[in-house]
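Okay, here's the structure, questions in a sec.
Chain nomenclature is as follows: A, B, C and D, assigned in order of appearance, with residue numbering initiated at 1 for each chain independently.
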Amino acid sequence: MALNMRQVINPKKAEQLVELILWINSRGWSPATSTNYSFKNSENPLTITISQSGIDKSKFSASNLMLIDGDGKPLQDFSHLKSSAETYLHTVLYQENPEVQVILHTHSVYATILSQKYLSEGQLLLENYEVLKGLGDIKTHEVSVPIPIFQNTQDIATLSEEFRALYRKMPDMQGYLIAGHGLYTWGKSFEIAKRQLEVLEFLLECEWRKMLF
Amino acid sequence: MALNMRQVINPKKAEQLVELILWINSRGWSPATSTNYSFKNSENPLTITISQSGIDKSKFSASNLMLIDGDGKPLQDFSHLKSSAETYLHTVLYQENPEVQVILHTHSVYATILSQKYLSEGQLLLENYEVLKGLGDIKTHEVSVPIPIFQNTQDIATLSEEFRALYRKMPDMQGYLIAGHGLYTWGKSFEIAKRQLEVLEFLLECEWRKMLF
Amino acid sequence: MALNMRQVINPKKAEQLVELILWINSRGWSPATSTNYSFKNSENPLTITISQSGIDKSKFSASNLMLIDGDGKPLQDFSHLKSSAETYLHTVLYQENPEVQVILHTHSVYATILSQKYLSEGQLLLENYEVLKGLGDIKTHEVSVPIPIFQNTQDIATLSEEFRALYRKMPDMQGYLIAGHGLYTWGKSFEIAKRQLEVLEFLLECEWRKMLF
Amino acid sequence: MALNMRQVINPKKAEQLVELILWINSRGWSPATSTNYSFKNSENPLTITISQSGIDKSKFSASNLMLIDGDGKPLQDFSHLKSSAETYLHTVLYQENPEVQVILHTHSVYATILSQKYLSEGQLLLENYEVLKGLGDIKTHEVSVPIPIFQNTQDIATLSEEFRALYRKMPDMQGYLIAGHGLYTWGKSFEIAKRQLEVLEFLLECEWRKMLF
């Protein structure tokens, strides 16, 4: 079976992810050692490169990445390492949507507090912003984009299955929030995942500032 | 006809525009791949250097520029490229005012949300700020500067004609907003266009913060 | 008379001022071409090095400085240059207090809007902050520091005499605001002037944020 | 006695502290010459490396550090220098908890104003944030973390004994605030102290922004 073959981290993609992680940190979206990131390393068998747990993202380097299989288990050479506590939130999405190549989980102030505020409504609705055209295949600002919000939990296995169930009902989901915790978004490429992230973090800030109106 | 002659992008101006675009990005005024920028490349025939559509502005370089004619049509060597979706908002202004050399369209949080808030009034009025002296030929803070606000639309051709009509009535217009979308401003030089932009973005932030009073 | 001697800008002090101006710009306290800065160049005769009018502070260099006499008149080699429109606000303070070596005028968002808000009270009162110990000879947070606010005007000659009159009554003044315009502060050295500035800008931000309480 | 032996500042730790101080300054958490920092230099006898008083943290270098004994007295080669006015708040904690290796005192806008607001309640309670897992041994967001708030005073000797008494009752204290003054936090290593600081400053910002809800 292929998994017995020695798997290595794709160096070019690792470099792209590290660059993106450092940029995200410079924006203040990954305080302390929070947040986690991954890309699909190989298709068949499904292997995933993901950030190790507990790393200060201001000093993140390719040596802080590790390889897991499609179920979240560390591959042979990485079995001494601990991947992010939220690994299953990555693996489930790669399992569900073969087009996803990159997953980003950030932890900004706005994502933290707006997800708390709107938890009882189950979602944050983004409407009538030009920059929504930066999400998925959206072609107009005249659109309603729901961002689902999950209750926070330390039981990530259960949360990942809740996410799977919702994602099957909402295949055009652009990202989701976990209350008091942060944002997940993704894309078919690093460029797209970064764009999704910028749109969503920008709009979270807009939503907060409009509370003063 | 002159347009049959090979036209090239003015390299010195391209460098100035790229420097300005990267500075704007560092201020957070061009999230995702939003915003667009241009300068007048030649007077007669009118040709315009404009940013291509869909570029991440944090990585913008001169290779992301292209040449269009005064009606927004890509020139010969650039016909395989797509200029910004808002190209007509640039061309109309160059047609109307031969003094305009540079046009900047930014997409800050404050421009996005204040344009939504004041859309029903049709404008945002800026008054009694010293820094208004940085706009046009204004010599005193005792002045009222209206910033018109247009409803957002994906029909840029129509919007550009609405802008043309208003600009003819308001030849001293310093900039305008599109609701939920952003700011346009311009100048007779890069220095002036940048100064106009700084004044307006600064005052949008002031206006938002004063809502807490 | 000494003024007939060729006067040159002190190169070491010019370097210190330029470094400070660029730092101030990086903080966002000098938008567009606003703000002005000076240091005492020689004591007897009194000559002052001051920033020229209309310079983009993000690109400020020593070549954007000029020499004036104690009354604000450009010295011989600089007579073709225009000093800041607010030159008299500098010269009056050097005339009144021989200990002042450096004067800084910034234009932050908080200074702009809080000076508008508190203009009718004539001052902003700063109290009970530990960082007030960074001002002048203050040794405790249990102190009230009034920051006078002047009405904005384009008649700087008159404003400078209003300032002179108030300064004589308040010799321990730590800085002052001009409504919708910005902050002036100063010190016996570059280090002290910078510290005064940081304290005051920090506390202006505190005062604004406390409006949400 | 060991204190008679020549003591030197640990150069590797000095470098780590300087790097951290400059990073803290870049975040805007050490305005003017506020804030102070230390690490345990030797265990037995207890010696402490601490920042000198009155240094601009944007220019902090290892030459701005000094050595004190466990009671806050400058060691032989440093007797001409003045350590931070808040030295006793450092020494008491090293005396009380031998595991503490690094102490950080920052002075952000949010720490300054929230400590004023919640002083009458004696503490700020942090609850239901995922990032609380970055503090101490906390394993879940379902936790209440009290951050005690002390009245500000210039009598640091007395304040340090008040802190000692409270710390004995709250050995799992994660940090504390002094009203209108700032935050203290610490750790068993530079990495942990930095993480504690990032968590607490992030959550202070969250708490302030949630006041708009």
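In the analysis below, a residue touches a chain if its C-beta (ideal position, glycine included) is under 8 Å from a C-beta of that chain, and two chains touch if they have at least 3 such contacts.
Nothing here was measured: the structure is a model prediction, and the numbers come from that model.
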Inset, instruction - Using the contact definition stated above, find the chains touching both chain C and chain D. - result: none
Inset, instruction - Rotation angle, chain A onto chain B: superpose the C-alpha atoms of these two copies and give the value as a multiple of 5 degrees. - result: 90
Inset, instruction - Measure off the straight-line distance from the CA centroid of chain A to the CA centroid of chain D, and report it in whole Å. - result: 33
Legend entry - Whole-Å gap separating chain B and chain D, where each centre is the average of the chain's CA atoms: 47
Legend entry - Multi-chain contact sites of chain B, meaning residues that touch two or more partners: 212
Legend entry - Residue ranges of chain C touching chain D (in the complex, touch as defined): 23, 128-131, 134, 139-141, 191, 194-195, 198-199, 201-202, 205-206, 209-210, 212-213
Inset, instruction - Within their complex, state which residues of chain D touch chain C. - result: 31-34, 56, 58, 107, 109-110, 112-113, 116-117, 152, 154, 178, 180-182, 208, 211-212
